[in-house]
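Chain lettering (A, B, C and D) follows the sequence in which the chains are written, and residue indices restart at 1 in each chain.
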Amino acid sequence: MSGKRPDLSVRIGDVELSNPVIAASGTFGYGGEFSEIMDLSQLGGVVVKGLSMHVERGNAPPRIVETPGGMLNSIGLQNVGAEGFLEEKLPFLRRFNTAVIANIWGRTFDEYIAVAERLDGAKGLTALELNISCPNIKEGGINFGTDPKQTEQVTRAVRDASSLPLWVKLTPGVTDIGELARAAEAGGADALSVINTLRGMTIDVASRRPTLSTIFGGLSGPAILPIALYMVYETRRATNLPILGIGGIEGLDQALQFFILGANAVQVGTANFYDPMASIRLVDDLRNWCETQGILSINELVGSLESG
Amino acid sequence: MSGKRPDLSVRIGDVELSNPVIAASGTFGYGGEFSEIMDLSQLGGVVVKGLSMHVERGNAPPRIVETPGGMLNSIGLQNVGAEGFLEEKLPFLRRFNTAVIANIWGRTFDEYIAVAERLDGAKGLTALELNISCPNIKEGGINFGTDPKQTEQVTRAVRDASSLPLWVKLTPGVTDIGELARAAEAGGADALSVINTLRGMTIDVASRRPTLSTIFGGLSGPAILPIALYMVYETRRATNLPILGIGGIEGLDQALQFFILGANAVQVGTANFYDPMASIRLVDDLRNWCETQGILSINELVGSLESG
Amino acid sequence: MYDRRLAIESVAHVGPGQFILGFECPEIAAQCRPGHFVMISVAESIDPVLRRPMAIYRVLRDASNTPYGFTLLIEVVGCGTALLEQKSIGDHLEVLGPLGVPFSLPTKDEASGEHLLVMGGVGSAPFPLVAEELLKSGHRVRAFVGARTAEALLCVDDFRELGVPVEVATDDGSEGFHGYVVHPLQGYLESEDPANAVLYACGPTPMMRAVHEIAIIRNLPLQVSFEAPMACGIGVCLSCVVRVDAGDYGDWRYVRCCREGPVFDSRRLVWQ
Amino acid sequence: MYDRRLAIESVAHVGPGQFILGFECPEIAAQCRPGHFVMISVAESIDPVLRRPMAIYRVLRDASNTPYGFTLLIEVVGCGTALLEQKSIGDHLEVLGPLGVPFSLPTKDEASGEHLLVMGGVGSAPFPLVAEELLKSGHRVRAFVGARTAEALLCVDDFRELGVPVEVATDDGSEGFHGYVVHPLQGYLESEDPANAVLYACGPTPMMRAVHEIAIIRNLPLQVSFEAPMACGIGVCLSCVVRVDAGDYGDWRYVRCCREGPVFDSRRLVWQ
């Protein structure tokens, strides 16, 4: 880095990112569509839509509904499957100078292991992000992400099945996120993605039915910002692992709050839908802000919370 | 009730309310201020600011900050104390034909019992609402409201200390609210108030400090509506106790969603701040809506969720 | 596809809760094909958060016939469209587009029978552009326009100006046929039995399903423009899926209305 | 106290990000006393959710001197005031008021010395009404007005029209004294040593604290109008608390700025 331009690069464990702005899983597809309006190489990374071992059709529509300052989704993890990803999607993403993170999920330990093994060693894949917000159907629906033991076990199982850096994505719908963070760390996580969506629902009064076909869905968008910030605060108190801050980020102000609390990078989710240039603009805004503030490296900001 | 006018009265256990619209604790003071712009007798009930045994000064300012579609507060339960309430506030509230519910809290079991005993038998008091979103300082800060055992115990302790109907107010910041609902029921709750605020925080980027003096605070307002609805849905699945639906209610549409999900009455909180006539207007709107829909009693609506 | 912050250049109220917004943007205008849509913001705030999909209504061209802008024809149905109704000239909206798969229309040299455009309510919006394009390449066009009332009829004047014969139906009988727009269509097909007719439809789903059934019975091709709730409009959120036939064994899969559609061959869709 | 949906009747831009909104509402106007405030909505949406506190600037009276409206003098400091700046005549705001404890002013018959009004920035807003009232009951008034720059000075014309002598200070020296407004006040007190002077202040907290210290040293009464973040404005949320002396033992307690204030005897407050 030359003397003047602020250095935006960050390290997430062994992974070096050119900047700390990443597109969040499920809000950026597999990157192809966005490449039509932006240069993906400008982004720190792209997390692709949650992959399972096999193709998934997903839930019946309606799959989204707006809520005050946010939205609910119940996509049901529709995806092209690990195979389809490797064949049809990854080769395209490899063309860009950006980190590619595969968000993965399963309904049993075995499914998690299978998809992790299938993706292991794939050229151009930077890391795995473990989506543990799914119920373990073998264990009678106990949630992988809300029970510390299951969190640790599924993390370890995937850890053992893959040589890729492993990010574990935590659910906010728990009594103590710090406990889950420690469980993921114990299982061998290299970093924590905080947070996934919160559970919510709405009712269509005219029909007296849930608006979503699946009754409830995941809440995302600006409305969840203060909750996400609090979860990052608690996670940072529980562990020294790198943190990817996620939730309600629209631009510079929100991203800075996450960095100050100790997030090492941020992911932009719902904003990609209503402001498709949001993540690219955030990279520019961060650079300019650092320059104005005389900050040479974004890392100076990370965890700079003043207390008392 | 005459033939035509819809009947808005509801029963919460043994408590009969003239209508299902109640002002939520901490957003209506002790009623005095609002009586200057409305007739409190038009409301189903008023829950007063959380009372402790002794006067509390509360937290240092800043105590509030706005967030997207909502607000955070950390009032710190400033209140006049049980004694002050009985002497200065309750006599005034008795003048109105509305239910008066005392929201109570403590830092130990003994404090809960003390305030419940002090209020027992008070003329004009309709019910107690137990705020269990406080850490039990004697038990090393384990939260009364997030640990099922503590929830059951504190409910039973207050149940035994008072002959008043007992509503227990649940915290949404738990892995499984159904478990807490059952714990409160096992402890002898007559009804459940769902939900209290969610934990959240924001950072003032310029100073790199938390915006609130207490670091984090309670999130309320429209932003939390879908979460509150989901929590009522889960609570209804866990228990048959009457439910008071709370969270993000601004008017008719939101209240109807709570009723359809099985709430027997609703509480209006943050909306009282930015739309002081919101709760009174909701009573009128409910009456007119029932009339238009040919609904004779609001109870027809309660729990009328269509599924599948 | 461009993402642009555009000033509203014109506002025209055309019926009850119906209005036309005009924008200047040569890049977007140059790419617009009949059936394309844009995603537009409705508020500067986060309430509501999402943009709204709107079909391209007309493409504006300068004296030298170069496209420099476009218009949208909008009907108020909820909070977002109500906010749009309050906008004035000079207000800004974020506009992403053009998006989606447009109608597949024959070229000048392709022979074809009469093109029958069937529309209900604000589903009329994309059809003046369809008609314009078809006429330009020398094809015959006829429009069947339905609405609740005479007042709410849309695009009838556009078609008349283009010289397209129009048959009208209203739910309340206040103009044209008293009933659904599929009846005049049905009647026309029965009395005229036009050879190689080609069908296009956009409107409420029951109406499109009815047209689909006619197309099946009469063995006529039909393209429908489908409206699904959309969060992103560009294919990344998977919220707008519709069922299409997966070929063998009567199986089906989901495709994205915003990307694989909004215009579909009606026979590809699974009409539940 | 009334909660009313009022149309904006007038808009006047008076300086950089400074503007005056006018409203008609005889009920509210009739109750307004100098120092009162209103809570006003800034958006029709939930972004931001809360109303904003604004001091009553001027009361509007008809030919027969009956109050029929009021104005607010507003400076842009954040998102809510920025939204207000974009409003036009005819736009509606929710207005709750008048609220709070106004300034305590002497009646006609009460003797008093000169009344010195000390203000900084938009803290000037309540003072023309204070001056008007004092003059009406025959008291002498002098104004000390501070701002960042000459451009940003507020209310100077109001005072001149009322015949109130004004001393001005600007942070950048572009008009009047170069520095803080407490210096001209200090200077005046030193050179004139007015008997029984009465002080009033509103503006940034450091400025009010400085005036408070002068008041203590010179043993002059001082009322300050304090600005705290407010959610409800009517005393029910407890968000706006300020520390006041609890009497004995140097102890203190919180009182509500919106209800026990915003105007306080400066000696009651704990100046941290």
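Here, a contact is a pair of C-beta atoms (placed from the backbone, for glycine too) under 8 Å apart; a residue touches a chain by one contact, two chains touch by 3 or more.
In this text the structure is predicted, and so the values were computed from the model without any measurement.
*Asks:* Component check with chain B excluded and positions unchanged: what groups of chains do you get?
*Replies:* So the chains, chain B excluded, remain one piece.
*Asks:* For chain A and chain C, which third chains touch each of them?
*Replies:* B, D
*Asks:* Report the chain whose mean Cα position is at the greatest distance from that of chain D.
*Replies:* Relative to chain D, the chain with the farthest C-alpha centre is C.
*Asks:* Centroid from C-alpha atoms only, then distance chain B to chain D, rounded to Å. What do you get?
*Replies:* 36
*Asks:* How many Å are there between the centre of chain C and the centre of chain D, using C-alpha atoms for each centre?
*Replies:* The answer is 56 Å.
*Asks:* Please compute the C-alpha centroid of chain B, do the same for chain C, then give the distance between them in whole Å.
*Replies:* Comparing mean C-alpha positions, chain C is 48 Å from chain B.
*Asks:* If I count partner chains per residue in chain B, which residues reach a count of at least 2?
*Replies:* 68-70, 221-223
*Asks:* Can you list every residue of chain D that touches 2 or more other chains, as numbers and ranges?
*Replies:* As it turns out, chain D has residues touching two or more other chains at 46-47.
*Asks:* Chain contact graph: line, ring, star, complete or other?
*Replies:* Per interface graph, the chains form a complete graph.
*Asks:* Name, in rising order, each residue of chain C that touches chain A in their complex.
*Replies:* These residues of chain C touch chain A: 1-3, 41, 46-51, 94, 96, 228-229, 231-232, 234-242, 253-254, 259.
*Asks:* Could you pull out which chain B residues touch chain C in their complex?
*Replies:* It is residues 68-69 of chain B that touch chain C.
*Asks:* Enumerate the contact residues on chain A facing chain C in the complex.
*Replies:* Against chain C, the touching part of chain A is residues 26-29, 33-34, 36-37, 49, 57-58, 61-66, 68-71, 73, 75, 78, 221-223, 250, 270, 272-277.
*Asks:* Using the touch definition up top, name the residues of chain A that touch chain B in the complex.
*Replies:* Going through chain A, the ones touching chain B are 67-70, 72, 146, 173-176, 198-203, 205, 207-210, 215-216, 219, 221-227, 229-230, 233, 248, 253, 256-257, 260-261, 304-307.
*Asks:* Show me the residue ranges of chain D that touch chain A in the complex, using the header's touch definition.
*Replies:* 46-47
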